[in-house]
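Per-chain numbering from 1; labels A, B and C assigned in written order.
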Amino acid sequence: MTPRLFELMLKAAGTTVVISVASIGIGLLIGILVCAARLSPRPWLRWPAGLFVSFFRGVPLLVQLLLIYNLLPAIGLTVPSVVAALIGLSLCTAAYQAENLRGGFTSVPRGLLEAADMVGLSPWQQFRRIRAPIALRLTVPALVNEAILILKASSLISVVGVIELTRTAQNLAASTYEPLLFYAVAGGLYLAINWLVAAGGSLAERALRRGRLA
Amino acid sequence: MSFDVSVILGALPAILSGLQITLGIWLASTAMGAVLGFVVAALRHFGPQPLALALRLAVEVLRGTPFLVQIFLLYFGGPFIGLSLDPVPAGLLGLSLYAAAYFSEIVRAGFAAVPRGHVEAAQCVGLSQAQIVRRILVPEMTMLVLPQAVNMAVILLKETAVLSIIAVPEATATISAIGSQQYAFVEALFLLAVIYWGLVEACGRAGQALECRLSKFRFA
Amino acid sequence: MNKRLFVQITLGLGLMMTTPMMAQAQDALARVKAAGVLKVGTETAFAPFDFIDAAGDHAGFNVDAFAEVGKELGVTIKWVELPWDGVLPALEAGQFNMVAGPATITKARLERYRFLSPVAEATVAILRRAKDDAIKKPEDIAGKTVGAGKATAQLAQLKTFAATLPRPVEAREYPAFNEAYADLAAGRIAAVANSLPNIAFVASKQPGTFAVVLPPFGQKSYFGYIGTKKPDDQPLLDAVQAALVKIKADGRMKKMQEKWFGTAFDTPDVAPEPSF
């Protein structure tokens, strides 16, 4: 592998990271909204949120991406490749993150909330001081897991025209007739990225564990 | 944008054969992955140190890289090291290994979650090591890991769609090919979405039902 | 690079809001000229038309030909690279102005799309392993497994030809021809069916691995670039067609064909009625 080809692989890994990180961020925001809707007492919020989660967890990402790229233009939203990939990855991870968050919120011990009631905390105070911090702490490992899953899932976004790490490896494997080398290097780069994400996650977990309540 | 149901009906036999391959590969690789994952977890716990380390490395690599890259490496890289598999066996092997890595972690966490007290109690009443594994650890662990195992099965079902990229004639490949031949792109995409969504929902429901049925065995 | 990606994302989001409004204001030609960019969808696994070369660059006949078209129209070319079976749906969805490919001009496609002036012959032939003497003429693929690209006219030609043979041929469908070539080299399939210019190029690059089986088995056909039949796109396609005809007339096309195919084709200005 010439230095220039390795540089191309690194650049492609950069694309993979940027799109994945952006999707995880956007997905977290959407996930929080969807989670709130799923925990809402109002059925007209709960029901569509449940459908959202079911759909985006039930359909392969490959199909979701093609639906977004080829069908959104029919309603006047011609999204370019990068945006289609962002939307697809964000919505997909949002569905999973909403479920993780919901798991976090529902496992806040009831006793803590009862105690908070007793000392006269308002529902908003309870959310901000007790439920949100505990749920966040409980979901950090799941968030790290999700980040790794999305980094790996981003290997599919070339179906909507984004040339990322896997696609670059595929192109170069074909042009140099060295599939073993290029796919192994791609795999190594994914491993390195995911190892960094996992290490960052452990740091965050340790930081959050200080002042642990539940 | 138009929607033509006759395209789907006309190609029904081809669609069904694709579906059959999807289901076959899915069920086989889930079963093989679960068994292999169990063996890997056991070897990592009871096996010699170097083997445990090597298995851990393999699991990390399989969990840290995209399935697509793994299948490319196996299918297109394989012939360079004398391993030339046809698409379906390559898909089966690749997906089973991928599944085994995840299942081994699920099983490991499950064993770790079985309360020590149960094992100690079993030792007190004089059960042998083998009996403890068979009568205490495995049944309790199975109950504990059932939700994650079902979740993993669902993930594997969706991963089978990736096999279309190495020319496995499964549901995604067949249906999108029909869509291309007949210029029925929209119909094909909708059909794919509905099929997978339905299968995933059914699998999730079946998992819940199984959990209910088995809940009487739950001790931990 | 990553800065560029961010700009792309922001621009993309911006474009998303504005395109529907612009679409009503002018036709495609005016929009392309105003933006100074012609968006072309293609698949980069179709050497020598479109591929990533050993240095990692996007290269091929299409790149050269569209550079000339861009000069004629006074615009730059923006390539959108997709798997082939995703290219035509995305064209219909309006993701780009036209498709390079090129695609074989067939009756079914003519009904649905507008083809521009043919750029090469597309007649299908067989590629085999150089050391495999079992296939001496196209008919020898009877009873064997033959690969071709998914959603391609070459695959359809292969199936039609196979139906005339005494023993059934298993046609294996690949996302791109590159994967089919790799499988042929690995010995998983006996042959690949693709257009003569493509397999001649592949065989010339790896003479020890591949060989072309002559004569071609397919019916004579041509490769052309594709646009939609939407009225809005017609002025733009007319302009590209005029540019292509001009490029042919002044000898530039012949030079590019010789560079990439090793031979020049006599391609008519307007595609003749296809036979299939």
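Assume a contact is a pair of C-beta atoms (placed from the backbone, for glycine too) under 8 Å apart; a residue touches a chain by one contact, two chains touch by 3 or more.
Chain labels with UniProt names: A, B = Amino acid ABC transporter.
Since the structure is predicted, the reported quantities are computational estimates derived from the model, not experimental observations.
Of all chains, C has its CA centroid at the greatest distance from the CA centroid of subunit B (Amino acid ABC transporter). More C-beta pairs touch across one of A-C and B-C than the other; that pair is A-C. Centre-to-centre spacing of subunit A (Amino acid ABC transporter) and subunit B (Amino acid ABC transporter) amounts to 21 Å, using the average Cα coordinate of each chain. Distance from the subunit B (Amino acid ABC transporter) centre to the subunit C centre is 37 Å, each centre being the mean of its Cα atoms. Listed for subunit A (Amino acid ABC transporter) are residues 66, 70-71, 74, 179, each touching two or more other chains. Multi-chain contact residues of subunit B (Amino acid ABC transporter), defined as those touching 2 or more other chains: 76, 164, 185. Shown for subunit C are the residues that touch two or more other chains, namely 89, 92, 179, 182, 185. For subunit A (Amino acid ABC transporter) in complex with subunit B (Amino acid ABC transporter), the residues that touch the partner chain are 54-55, 57-64, 66-67, 70-71, 74, 148, 152-156, 166, 169-170, 173, 179-180, 183-184, 186-187, 190-191, 194-195.
For subunit A (Amino acid ABC transporter) in complex with subunit C, the touching residues are 2, 4-5, 8, 11, 14-15, 18-19, 22, 66, 69-71, 73-74, 76-83, 86, 158-161, 163, 171-172, 174-177, 179. Subunit B (Amino acid ABC transporter) contributes residues 1, 60-61, 63-70, 72-73, 76-77, 80-81, 154, 158-159, 161-162, 164, 172, 185-186, 189, 192-193, 196-198, 200-201 to its touches with subunit A (Amino acid ABC transporter) in the complex. Considering their complex, residues 1-2, 5-6, 8-9, 12-13, 15-16, 19-20, 41, 44-45, 51-56, 80-83, 86, 89-90, 92-95, 178-179, 182, 185, 206 of subunit C touch subunit A (Amino acid ABC transporter). Residue ranges on subunit C touching subunit B (Amino acid ABC transporter), taken from their complex, read 85, 88-89, 92, 108, 112, 147, 150-151, 156, 172-175, 179, 182-183, 185-188.
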